[in-house]
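Next come the structures, one after another.
Two complexes are shown next, each including subunit A; its partner changes from subunit B in the first to subunit C in the second.
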Partner chain A sequence: MNEASSDIIGQVVQADIAGFTAGWPLLQSPPLGGLLKVADGGTIFAVVHDARTESIDGRPPVARLSGETDLESYLEKHPHIRHLLQTTCEAVVVGHQDGAQARHYLPSAPAPLFAPVRLCSAEETARFSQELDFLKLLLAAPTHADEMTAACLRRAAAAHATAGGGSASGGDSRAFLVRAGKELARLLGAEPQRLTSILRRVRP
Partner chain B sequence: MTLDFQQLAAQLDDLGPELRSQGEKAGQVLARALEAAHAWARRPDDLRRRLAEAQTSWRPAEPLSEPLDASIDAPSAPADYVALATDGSHIDVERHNPLPCYLLNLGWARIRYGRSPDAELSSQPELAYGDQRLVLGDPADASRQAPVRGDLLAALRAVGEVKLLADLAAASDPELPVLALVDGTFLLWGLAREEITAPVKRYLLDDGMIPALDRLRALAQERAVLPVGYVSRPDRGEVVHSLRVAVCPMPRVDCRACPRRENGSRPCDDVGVASDRQLFAHLLAPGQRSAVFVRQPTPGSIEAQYYGEHRPAAFYLRTPPGGADEIACVEMPLWLAQDGGRVAALHALLLDQCRRNMGYPLALMEAHEQAVITGPERESFRRLLEAEVAAEGLAVSTSAKALSKRGRWL
Partner chain C sequence: MNDHDSPVQDARRLGLVVGGSLSEGLDVRLDSGRSVEDMAVGKYVIIQGQRSRFFAILNDVKLRSTSQEFAWSLPELADDFSREVMAGTATFGSLHIVPYLKTGATADAPFEPAKTVPGHFAEVWDASQEDVERIFGQDDGDHFVIGSPLDMEVKVCLNYQRFAERSNGVFGKSGTGKTFLTRLILASVILKSSAQRDARKRVVNLVFDMHNEFGWKGTSEGPSGEVKGLKQLMGASVAVFTLDPESSRRRGVPTDAVVEIGLDEVEPEDVGVLQETLNLTDLAVQACYPLERRFHKRWIEQTIALDTADEEGRATLKDMNIDERSLRSLRRGLERLTRLAFLRPHSEQSSVQTILGYLEKGRNVVLEFGRYADDLTAYIFVANLLTRRIHERYRQQTESAMGESAQEPIHLMITIEEAHKFLNPAVAGQTVFGQIAREMRKYNVTLLVVDQRPSAIDGEVMSQVGTKIACLLDNEADVDAVLAGVGEKRELRSVLARLESRQQAMIFGHAVPMPVVVRAEEWGSEECYARFARPTFRERLEDIVSE
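Coming up: the complex of A and B.
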């Protein structure tokens, strides 16, 4: 799975209030924990909690074992395969833009079908994660909630480091993680094992 | 449950011994047929003469130039080539539907191998309704019109597949060999029925299939375009028929005066293998092809009247190792069959296609996947049709039988 750059555009193919599925160019799904932005009229923010590449029509892919050692040469040797696969990612909605204000709770309507989806830049990620109210929505994700929460916080911490001038000590990054850790401790007070597991995955 | 399996099981019990006894007999027939094939392969002129003189009720096929029992290896396939295939499916005119109409769906695959690999898999649906489009034939004479459904719709679809194949071949890279596949045959067998009128035949053949084959031939004169009809697990017996003629004790074969034996069997039943497929399963090793065979068309038949140089010739192919092992029939127009180099080229490309897909040409399978209309899609189509009819303010009239099938009750 490649790290999707912010100029790759996906498209919403299924949506409800709390999340959506987006189609992406083949084999280029956005990373686990990546912050996505659906901008079509309003703006909806969401975090990737799953991604998959699968057959487009339900036929199970068959291993043809023709001797290639990398995916690109395999696809070159079987050029029709690209046309039979699709890559999608699933994201939980974590907020929306309300005028100039980012709101860290669910919007009033699902992401519009077929709306374009982009991966947020480091700057956008840092700005959105100034407030940590969205962590509650991450922890309630239907799959991979803890792994996704940790991945999201790692990416946000890196974004804060970049946005804060990228000092060697990672000042902004560390401050961000401390704040996030405290918020997690508050949210997961009754689930200490879960809390520890996430914190271990976030530790620099 | 409506099928009574208890009664059925008793009938199935009798099947085993019957199959065993048939198997033993078939083994003896096959051995004699193989013996005849080898013997007559050495006497091609005698065989040709006997076939030319024979009066038979079925049509034998004779080898075009290679020995009758030939088993021929393919040259190696080029790395750079294009595989094209078209296939179709349809929803027939259905009297239970709210509106008389048919739906044709043509699917295609265009796959380019080697340098600059590329592919296109797609389909094109066509909905036909209204009095004009639901009949073929003389527009001025209703007695010479025929409704488009059943065999006629299948023929219309076959014409569409070959036209599309010619379009795709024309648009493909002229530098590369092009294997152009359809599922089945170029011959519109279904039109042989007596009740099909001349205007209908003209429309489907003179204005449909034959010009499409002409275009493929014109392309093939400039470059390596290789049109092929591929029949998986064919049921033909034309080579076996030739063996029957060969071994008949009559100096000039005439089935009307068959010298039957006392038990009612015919002398030629000694080599009467059920199908050519069984014969070639013993003659061919995996990947090999047989000689190219042609049938002498019956005078007045569709084949004789319309096809000319496009008359089908065919070889049998045993699929290459590594996939399903079967004997397929590979049909091509006569003008292609007469070019030994091209026959070798298409043999090689077909093997490559089969190797890529466990024994069945890959492009053809993908074209089929594009064309196929699944059960749920048929149901969606019916609902869309109903919605459209209802939206126009017309009463949706569905037959009582169709309604009762949708909602079963006790």
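Coming up: the complex of A and C.
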């Protein structure tokens, strides 16, 4: 995981109010549950809930057995392939920056096309997840909502541990997870199975 | 919430009001940081409304979940993390509380009965010591300490004036500490009465001490096996009378007078109340009246001596319209009665006069029954007979005071044990006690009834009992009887049923602004004795000298 980097790692290629698709240089997908920010004028925060690598013309690449055991050496031998494939990720919008204040609800406009996408640092992740109102938006993600929520919370918990001085006991991280768990319990009051499956995935 | 009316520092928030009604109480969602295990029914809480503060009692604790099936459909959650997450969110504790009193926004606004409820999401806090003190008053001229609330160190007081104004009751099954509470109440009333400057506020006690527990010393389950009685502590303001001087001597009790009753003082009404204990038929009781009219003062002896074998005796009976069976029943009863050693053919000194003399001087009288402790006939007979005479005197005196020709007598509080024997529906109409209970303090006499079977007491009498002090009762009917006429019956019932079996009591009614569960003051501790003990002559002299 590239925690400290906030370099541009992709571009918005399709967007609506609730989410966007970002295109990435081949094979450099951000982690599931990672907090992204799209800063172009305003700032929009989103969490990765899906990623895929496919051929640009929409046809699935045909497997060729040519002796290479891994993708890198294969691409080295067939450099044009690189241009026929692309990686995209789907992110669900969880908030935006309003002046100095992070808002944990949808922005008034979708992310602009081709806007640069960055992966938030641990510090930014910790700051954004102080408030947990965005969990409702996470749970409503169209795919992998539970897995993504769990992944996002694990990352945020780790970020809180770092932000809180990285104490060996993980006090901050546990307190964060309990707080987030309580919010989830409130949101998933009618769906105990979902709740417990997420809790089992984030248990410290 | 403004800063100035937020609850005091040491209080902690319990949760938020989420629903309910004035008639059925409020539902409170417990904050996730508070454990249901720390709650106890009977606990006091404060509800901070927008403009008013409410004082309420906790009377039920529930475990709930957001949806009915939620908790059941969860897989086993054995780990601490999941349990911590669920607590207060998907599953939470809920409290059921009943608001009793309401006060305005300012800290010193008086409490008044709650006639509405706070709004949704009003905050609920632990009640602080100051709140309890403000409601029940402090130990001063008008209040006396009865105990402490269950989870606080603060004292709960009864209002002396309001307590004395009405008849009161101490109820609870055997062994729950009725006697200790009664002794504490008597001592407190005596102490407060002696501090009153206004004679009309004074109270004098007459205690029919069936088991010899109040006068000089009482039995205790403590290490010493005994505790001091009223006279031992309070000296000359208490006089101990005895029906059984031998027993008193054996127990080392210094008595002030011996009570004897002359058979010539006994009236048919005095025998009527013994119908049940002497197993008399209705007709036998009716027969007393013509017999008394015929034989006058010596009617009891003459009735026993009446010979139905001879012609003259039968003629006499026929003359009075009494059949032989009734006479036999009555004679059997009267013979049993005359075997009581304190009954003499004629008593030179009128015990009623002696007792009245003490009471008029403001001295409290405890009448010990000695060996008659377990003799219900003796107890009912003596208590009823003396009270009837004393009540009659009080009635006359009060009436002449109304005509302004005399001073009102000092208010008299009569303590009776086994009260259901005097106040059951069958005899409450006949005994003077039923009359006293019903007429409130019209003639300056009220009762302190001590009883373990309140359900056997006439409902009309129970409804007149001003302040009820209820120790543990486990019989449904008894609980119902004690709570009859109380608005929050269902709520209080759950509190009453969970009292500990000793030294805990729920007090409600006239002398307290709201029901209260207390751990009664421990009678027998040095601290307690010190509160009631009169300074000795020497100590008083030293005080005067030092001044």
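The working rule: the second predicted complex is superposed on the first by the 198 of 204 C-alpha atoms of A that agree within 3 Å, B and C clash if a C-alpha of one lies under 4 Å from a C-alpha of the other, contacts with A are read in each partner's own complex, and residues count from 1 in each chain.
Everything that follows uses one rule, which is that contacts are C-beta pairs under 8 Å (C-beta built on N, C-alpha and C of every residue); 3 or more make two chains touch, one makes a residue touch a chain.
Remember, predicted model here, so these are calculated numbers, not experimental data.
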Clash-or-fit label for the pair subunit B, subunit C on subunit A: fit
Which of subunit B and subunit C A:Pro204 touches, first, second, both or neither: second
Touching partner for A:Pro61 - first (subunit B), second (subunit C), both, neither: neither
First (subunit B), second (subunit C), both or neither touched by A:Leu177: second
Vertex subunit A, arms to subunit B and subunit C (CA centres, degrees, nearest 10): 160
Which of subunit B and subunit C A:Pro79 touches, first, second, both or neither: first
Partner chain(s) touched by A:Pro142 [first = subunit B, second = subunit C, both, neither]: neither
Between subunit B and subunit C, more extensive residue contact with subunit A: C
Smallest distance from any CA atom of subunit C to any CA atom of subunit B, in Å, after fitting: 53
Shared subunit A surface residues [contacts with subunit B and with subunit C]: none
Sites on subunit A touched by subunit B in the complex: 57, 59, 62, 64, 76-80, 82-84
Residue numbers on subunit B that touch subunit A, as the complex places them: 109, 111-113, 117-121, 356, 358, 362-363, 366, 369
Interfacial residue positions of subunit A with respect to subunit C in the complex: 174, 177-178, 181-186, 188-190, 192-193, 195-196, 199, 203-204
Of subunit C, residues touching subunit A in the complex: 32, 66-67, 70, 73-75, 77, 79, 81-82, 84-86, 88-90
